[in-house]
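These notes are about the structure you will find just below.
Labels A, B, C and D are assigned to the chains in the order they are written; within every chain, residues are numbered from 1.
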Amino acid sequence: MATVRVQAEPFDVGAAMAALGAGRNDIGGIGCFVGTVRDTAGGRKITAMTLEHYPGMTERAMAAIAAEAEARFDLLGCTLIHRIGTLQPGAAIVLVLAAAPHRAAALAATGFLIDWLKTRAPFWKKESFADGAAEWVAAHDADAAAAARWQHG
Amino acid sequence: MATVRVQAEPFDVGAAMAALGAGRNDIGGIGCFVGTVRDTAGGRKITAMTLEHYPGMTERAMAAIAAEAEARFDLLGCTLIHRIGTLQPGAAIVLVLAAAPHRAAALAATGFLIDWLKTRAPFWKKESFADGAAEWVAAHDADAAAAARWQHG
Amino acid sequence: MSQPVRILYFAWLRERVGTAEEALALPEGVGTVAALIDWLRARGPGFAAAFAPGGSVRCAVNQDFATPQTTLAPGDEIAFFPPVTGG
Amino acid sequence: MSQPVRILYFAWLRERVGTAEEALALPEGVGTVAALIDWLRARGPGFAAAFAPGGSVRCAVNQDFATPQTTLAPGDEIAFFPPVTGG
């Protein structure tokens, strides 16, 4: 029941949510997260963000993350859409949707999906600054810690 | 920065999200929850759900809940839309949006907002069953427990 | 004559008492939510059933959640309703 | 002749080694990711910088995350990249 997509084009949150719920009346709640490009990083002005990925492995990794969420939570379906290419500040980068009979599972799965997507899917961000510099974003310890919350066993 | 609405009409998630982010590039993530009408309750088939509310107090309570979320979390804005009247299975009942510089605050605030909305805003649900019966929904202990997670002091 | 209070009833409470709204002068000696509930309960079987002791009736005064000890004054808007179930 | 392996480089690793992709026969004695990294490091200053000891290079073999101990075989798709930063 998982939908996984990598695309350059913008996504339509309402359409993705409608597709997830289409033809079913057993959903009690849909949790959702949309990540967007901020216009500053470390106090410096960002003019653009470019996302590179590893075609093939990306889709595999995203499908594995979705399958893990469906195994851990009482889900009726989930959707992961990640954009690639060059995006402007304010643009949406990533969409996570998780549908469940009850809200607790929907919201927990949403958090899990974005935490794992940030640490287990092969995407890399490069920030372009107003002063002309362009730098690869370093991985955040906070993201690794957030993902580690979901470890068990 | 909070938008609070009670309405009979369906809401447009994409439009609400766009309105929340309009003209600003400091948002890193938007958390979202949509509650929908399930077609069964306690094993019985539901044909419709009717929502009654307390006009005046509802808007006050929703604004107070939004203000509390903005005081507790590092938010850049939030949106609460709750529908009233008679809804069919599959229909969306409630929309919560929380925008923040970082995803942890956006997702935590989303959970807080829906938990408090369920226990502190004067709405009441009546379920119509396939056998012709109509019954007011009883408050769930689980909802009170979920809301109590956010108590402090 | 002092200003009346407005009393609102919602959900199954409204159905049980048979009215959505009424206006009345605060009865002599009724100064709190608890006292008003005692007074309403004595009004008839519908009210007695709606406000049965041990029930789960909630109250708001002037659109803020109230307790049995909350004091009442002429002109107040007083609402009775079951525990909320929105969201 | 055994089948070559395909090696992919991403993000700043790609920029540092100066290529996105190459195909080569697994060198004699190179049977693990760690051994391949040692071999690559000796290729020139770009590679030495990219694979500097103590760096944070990650590896995938056949599109699954790998460790230094992961074994390599002819025909494998081997990718090197920095810690991921998507989402």
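As a working rule, a contact is a pair of C-beta atoms (placed from the backbone, for glycine too) under 8 Å apart; a residue touches a chain by one contact, two chains touch by 3 or more.
Predicted model, so just to flag it, every value in this text is computed and none were measured.
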Subject >> Between subunit B and subunit D, the fewest steps along chains that touch one another >> reply: 2
Original post:
From the centre of subunit A, which chain's CA centre is farthest?
Top reply: C
Original post:
How many angstrom lie between the CA centroids of subunit A and subunit C, rounded to a whole number?
Top reply: 49
**OP:** State, to the nearest whole Å, the distance from the C-alpha centre of subunit B to the C-alpha centre of subunit C.
**Re:** 27
Original post:
Once you find the CA centre of subunit C and the CA centre of subunit D, what distance in Å lies between them?
Top reply: 74
Subject >> Length of the line joining the C-alpha centres of subunit A and subunit B, rounded to whole Å >> reply: 23
Original post:
In subunit A, what residues contact two or more other chains?
Top reply: 35, 114
Original post:
Which residues does subunit D have that touch at least 2 chains other than itself?
Top reply: none
Subject >> Residue ranges of subunit B touching subunit C (in the complex, touch as defined) >> reply: 35, 51-54, 56-57, 60-61, 82, 93-94, 114, 117-126, 136-140, 143
Subject >> Partner subunit B, residues of subunit C touching it in the complex >> reply: 8, 10-12, 56, 60, 63-65, 79, 81-87
Original post:
Tell me, which parts of subunit B touch subunit A in their complex?
Top reply: 12-15, 17, 21, 24-40, 89-90, 101, 103-104, 106-107, 110-111, 114, 146
